[in-house]
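Dropping the structure in here first, questions after.
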Amino acid sequence: MKVARVIGVFCVMGAALAVFSTRTVHAQATGDRPKPPWDLVAKDRPWDKGEKIDLRWKLSPDDPDTIAFYRVYRSLATKPAEQVEFEDRLEVLVDLFEDLDVPPEQLRAAIEELLPRLRAAAASEHGRHCEYHHHARRAVGAVERYLAAGMENWELNRRAGKALSTLENAIPLSEVQRENEELETSEERKAKMHLTEPVLEELFGRQWKEMWEERADEIPADVRMWLYGRRIAAEAEAEARARATAAARGDAVRWKLVVELEPKALDVHTGEMTYTVEMLDRFQEYSFKVSAVNRAQVESDAVTAAARVQPVRQIYDGARFALMVIVFVICGAVMFFIQMARSGRPLKVRTIAGLSAVDEAVGRATEMGRSILFVAGIQDMNDIQTIAGITVLSRVSKLAAEYDARVEVPTARSLVMTAARETVQAAYLEAGRPDAYRRDDIYYVTDEQFGFVAYLQGMMVREKPAACFYMGTFFAESLILAETGNSIGAIQIAGTAMPAQLPFFVAACDYTLIGEEFFAASAYLSGEAHQLGSLKGQDVGKLIVGIMVVAGVIVATALSIAVLADHTVGAAYLEAIVEYIRKVILT
Amino acid sequence: MKRTIPLFITAIGGFVLIAAVFSGYTQSWGEVAAIWFDVLAAIAYILGGGNLMKIHLKKISDRTEGWAYSVVTIIAFLATLIIGLGKIGVNPSEQFPDYAWSGSYREVGGPFWWIYEYAFKPLTATMFAMLAFYVASAAFRAFRAKNLEAVLLLGTAFIILLGRTYAGVWVTGWLPDWLSGLKLENVTVTIMKVFNTAGNRAIMIGIALGIASTSLRVLLGVDRSYLGGGEE
Amino acid sequence: MKRETLIWTMVLLFGALLFLANGVMRGAGRAYVKEVPMQFVNVAEPGEVEADWIRYNSELALDEALCTQRFEEIPPELRVSWTRLEKAERGEYLTHQATEGADNPYRVSVSRTIGVWVAALFTLFLFSFLYKDNPLYKIAEASVVGVSAAYWMVIGFWDVIVPNLFGKVAPGIVRVWAIPGLEDPPNYWYLVPLILGIMLLWRLVPKGSWIGRWPLAFVIGTTAGIRLIGFIQADFLSQIRNTVIPVVAVDQAGGFAFWDSLKNAIVIIGVLAGLVYFFFSIEHKGVVGKTARLGIWFLMVTFGAAFGYTVMGRIALFAIRLEFLFDDWLWLIDPTMKRVPDEVVTAAATLLTALGAG
Amino acid sequence: MYEFFKTLDRRWIFLMMFLAVAVPILIIGATGRTFPEEPTSLARAVFHAIEDLPEGSKVLLSYDYDPASEGELSPMATMFAYHCAAKRHRMYFMALWPVGPQMVDDTIENVLKKDFPELEYGKDYVNLGYKSGYEGVIKVIITDFTELYTTDTRGTPWGTIPMCQEVSSVQDMDLLVNVSAGYAGTKEWVQYAVTPYPKLTMVAGCTGVQAPLLYPYIPQQLQGLLGAIKGAAEYEALVTECYGARMARRDAEGNPMVDDDGMYVIRGKYTEGIRRMGPQLVAHLLMILLIIVGNVIYFVERRKEGRR
């Protein structure tokens, strides 16, 4: 334990931290209100998608003695004035559509006035309210068709009116409106329940519910109409009441608790806390306030940020900066080595066992006078493994063309068939034997995984290919193929990046290209030096992994040791570093 | 020309989508491209289906061995296709009872559903179930302790197989509490959490690098085998 | 005919006869349905052009005067009806037969009974391959290829082409035809895949098939772009992130946790050793060779574990097929009591008791 | 004997496999007898996660699978619903897969309507249905249900469903239960719901293929996990042990039936997993036997070659 303690202290110092005096904690829970935090600043987070705002505030003077945590609030969003205006006008337009006596000119004027705003609503792609924008698009379509038909088609009029009223109903509520609504509906419900349930029971006895559901047609029509009347009355009453409550509440800023945050040792040390409020709506303005709560659960006054802030969406998404750097480094390394190989520098790469077997397999098929089966997985061309499989096919078919062996390529996708035909044809051309290319040896079977495999299984037993290649994405069918191939005594070479299927190929095939080896295979088989360069680039990627893992592990371990050594402040700094590595660099 | 333009299209398409990821405005482009791909793949069915018909009709007309089975394939294919595309026997949807074509082509009880339920499903499920047999024969034949690697492979499979039945629990159930880490079910969990996690991670990191490098080779036009022949 | 073939034919014939007898005498394999009437009424106001259909007898219908009439009395142009058949069990059929007699909404379905037999025979045909390739398997194989190819084409047409191509480019036509609710204005961006598709189909034309490479190039380019970023972000970074763990673990009480530390250390070593195995630049010799060997060991344990886990699911799948044969088709077992409510007697039980008595 | 095994035709193995699965199915189907289950700690954790919650807790059940994996997962789905209903928890069903609501409806029909007719839709359970977007759905409803779920699957507005008025987001749930067959499923729930909001507790049931990928999350993010049919069987054993009297078959007088050993005779639909463990056990033992025999042959052969 002592050793750990020493190491811990060392680590902390090594991390270039100042020496901190240990704090003494006066735990005195009082009933008094704690002093509030101060100097709250809210700023839009730069370089984001427009959904985050950074907050920073100074801790309450009572911290760290009595404060347990801080409460962060944000205002409930309201709608911008122009949106409210648009919604009002939309309502007017819907009414115009419903009123049959409106002269067409008036309707046209109203529509044309609103149309630009409608288009704007349709065009914006506002992720969280996709339904609203969807209806806006529909409404634009319906209204435009109506106008285009000269406003004479009655049915188009109906459709346009309906689309507009659907849009009106789909308008997303602001948070304030939604809260009002929730209050209303709960009261309305109470009112309804109160009225109908006992009445129904009185009318039909205790079994009213079953009767209602099963024998609805037996309830006399006048009773139904009467009940319906009661329902309408109840609804109206509830609505009036809800409106009254909403009005009484007024329009003051309403707050929503975002989070309760315990100050960490590091925060106490710096006397400052930060928090990023996420998931905000970039079409809204927000206010923020923060209060302190002490151990006796007494909340202080709140400090409010001076200005209302609206999140802004920027062209560049800064949250992905680290990703961009890593992409650049990996891609740069690959390109660098490709270029180096092109310039004629010799590159050394190790051999992969399965690859030398490709020649052997093709040769054996030629000797035995039997065909070669090549399966490029069961996924479509939008899977990189299929593409890698096709490039391997290119080499295999070139070899086959040279040896004069027949390659059969059944595919599970039409596009793969097309791509495979192009590839094989090119390979035969390259081998100088374009006449030997047989188009019909590359054919489509079915998209269905097990239909495809049922066909392959039968075909393999009947035609007994001497060599089987499985290169691409495979799922459960991997073992069916490999076992059938084995039972007919074929040489089998598999390559896939599906971790779950690798064991079956490893167990039942002669050679298996595991994961990354499969992607490397096409570069190897091409025999072109500059393609091999890309493998060196991949190795740089692996070095980066090694460095990042080792560095991360050292910091994380140092953190644990600091915790074990009870070095609070050191632990706090190290924790911040680990968090940064995990959440910022590696996200 | 015939090769340069496709190479250009490949590079532009790829690099634009890579760049699109880094802006909040364009992050949805990848999804749009995915939908476009689906449409393209669906159009390509015409090629695949046409090819299927051609092959089997050829077999029938040539009277090659087993041509009768080609007749079965063609009949099954055409019948399913016509019933499905024509929405034969499908009732309208409940929202639009007056639109004859509004119903779902897979409506429960319809002929297409019948084909799915009583031909497609049992056939594919049975093919899937055949794996139970192949797993057994593979275990018998391939799981032999030829070297240390093979011992590890079959040993782990052995422990997991045993640990996942009542027999496994019963075999080590007598172990006292302080040795509970050696109970088969716990050994299973440790293997899964430690060794399996490590192995899978290494494979996945490797695959990601392999995919990145392969993609790059394709985008840069270093690997262009898929583009076929023809003059430059 | 060879003697072996003769014997097998006899065995098969005998088996088939047994199955048939089981079907004919016990009615095994019969499927039942419940008839549910689907009745719709147009409650649009007179003069309204657009129809407003509601389900007769639904909650909504309570408010409509039209629905106070008997369904048959409603003018034929204002009503539409059909019968929906829901899956039912023999047990339900028997219960209702006892209480309702002629009004029983449950009945035997001929088409579904045939279906059960077809499904069962296809199942047996495919399994027959395990003995050896034979004409029955070939029939099943030919059927599955034909049916499944067409099945996916139908899905591609109705779920992709109609909504995502026609529905975007020419919503007007689709609206009056197949998707009445569609209101979207045209989105001409979707002409791009259409044009690419036409280029792809160009290879059916004898001249200029090279144009078909353009859509392929587009597909491959976009795929490469999406996957490059996707895999680096999702797999590469997240796997490294998960590996950033301390080799000295702290338990919840703040003390040193030996076993967790050991586990963490093994994970880190395993990941790094595994990566060394995939290293292409250096031959597997010396220290590198030994580390790579360690990496392979980790991979092998991973494969063994995946194998063990997958076996389980495969056997379950086979068990389900057999349950279908024994339960739905042959009526040999009835564990969920589909057929005889609250009674345990099954054919297999009788058989076993008979054997025991014998 | 040795020669026979050495040149063993794989069809004998096929036959053994067939018998290993078929015979137990028939015997179990005919006699109703099953193998006993000894639940592992993971299944116990799942059981206790539900059992130890106070009555009336809010449980979110997300059924993210399709008919293809019904064989492995529907026993779990049935059991989860039964257990929650028996404990009188309030159940919020939802689905991330398009066909998921069908699975939910099947469960409601088979379990809740048949065996808990006293439970009321909207007060005790609600089917929220499917929303497209995979993990995107989780990311939204973790902070606000009503962003996506304006109605339940029947079209009833959110605010008018009594039990929905009490929750505004997934964070209000006392427990998450997930039955998953792949993407989107347990992994996504862990990543986007439990990891950012560690207050949430979650248990899951998954297919055998998926299970290895989920082990790293136990027990911090996932309290318990039912892996494949074995997990389902263990969980069934725990629930039937606890609620056997209610789940048992009734005799003519309506009393629960008891077998010779005094155990309740559980209705077939609640023992699907346990029943399937019979063939599973025999088949696994067969596999183990095959591996052993294969290796014995291998070693004998090697020794012979060594002598030569």
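Read from first to last, the chains carry the letters A, B, C and D; within each, the first residue is number 1.
To be clear about the criterion, contacts are C-beta pairs under 8 Å (C-beta built on N, C-alpha and C of every residue); 3 or more make two chains touch, one makes a residue touch a chain.
These numbers come from a predicted model, not from an experiment.
Comparing chain pairs A-D and B-C by the number of C-beta pairs in contact, the larger count belongs to B-C. Between the CA-based centres of subunit A and subunit D the separation comes to 27 Å, rounded to the whole angstrom.
Between the CA-based centres of subunit B and subunit C the separation comes to 13 Å, rounded to the whole angstrom. For this pair, subunit B with subunit D, the centres built from the Cα atoms lie 24 Å apart.
If you average the Cα atoms of subunit C and of subunit D, the two centres end up 18 Å apart. The set of subunit C residues that touch two or more partner chains comprises 126, 129-130, 138, 140-141, 144-145, 147-149, 151-153, 200, 203, 213, 216, 219-220, 222-224, 226-229, 232-233, 236, 240, 242-243, 268, 271, 275, 278, 299, 302-307, 309-312, 314-315, 317-318, 320. Counting only residues that touch two or more partner chains, subunit A has 323, 327, 330-331, 382, 384, 387, 415, 418-419, 422, 444-448, 450-451, 454, 476, 499-500, 502-504, 506-507, 514-516, 520, 535, 538, 541-542, 545. Looking at subunit D, one finds that residues 10, 14, 17, 21, 209, 211-212, 216, 227-228, 230, 280, 283-284, 287 touch two or more other chains.
With chains as nodes and touching pairs as edges, the resulting graph is complete, every pair of chains being joined. Contact residues on subunit A toward subunit C in their complex (touch as defined above): 1, 4, 122, 134, 137-142, 144-145, 154-155, 158-159, 162-163, 216-217, 221, 224, 227-228, 323, 326-327, 330-331, 348-351, 381-384, 387, 415, 418-419, 422, 444-448, 450-451, 454-455, 457-458, 461-462, 476, 499-500, 502-504, 506-507, 514-517, 520, 535-536, 538-539, 541-542, 545-546, 548-549, 552-553, 555-557, 559-561, 563-564, 578, 581-582, 586-587.
Only residues 125, 132-133, 135-137, 139-141, 143-146, 154, 157-158, 161-162, 164-167, 169-170, 173, 185-186, 189, 192-193, 196-197, 200 of subunit B touch subunit D when the two sit together in their complex. By the touch criterion given at the top, residues 130-131, 242, 305-306, 309-313, 315-320, 322-323, 326-327, 332-337, 342, 344, 346, 348-349, 351-352 of subunit C touch subunit D in their complex. By the touch rule above, subunit D contacts subunit B in their complex via residues 8, 10, 13-14, 16-18, 21, 35-38, 40-42, 68, 211-213, 215-216, 218, 227-228, 230, 277, 280-281, 283-288, 290-291, 293-295, 298-299.
On the subunit B side of its complex with subunit A, the touching residues are 18, 21-25, 27-28, 34, 37, 40-41, 44-49, 51-52, 55, 58, 120, 123-125, 127-128, 130-131, 134-135, 137-138, 141-143, 153, 157, 200, 203-207, 209-218, 220, 222-223, 225-230.
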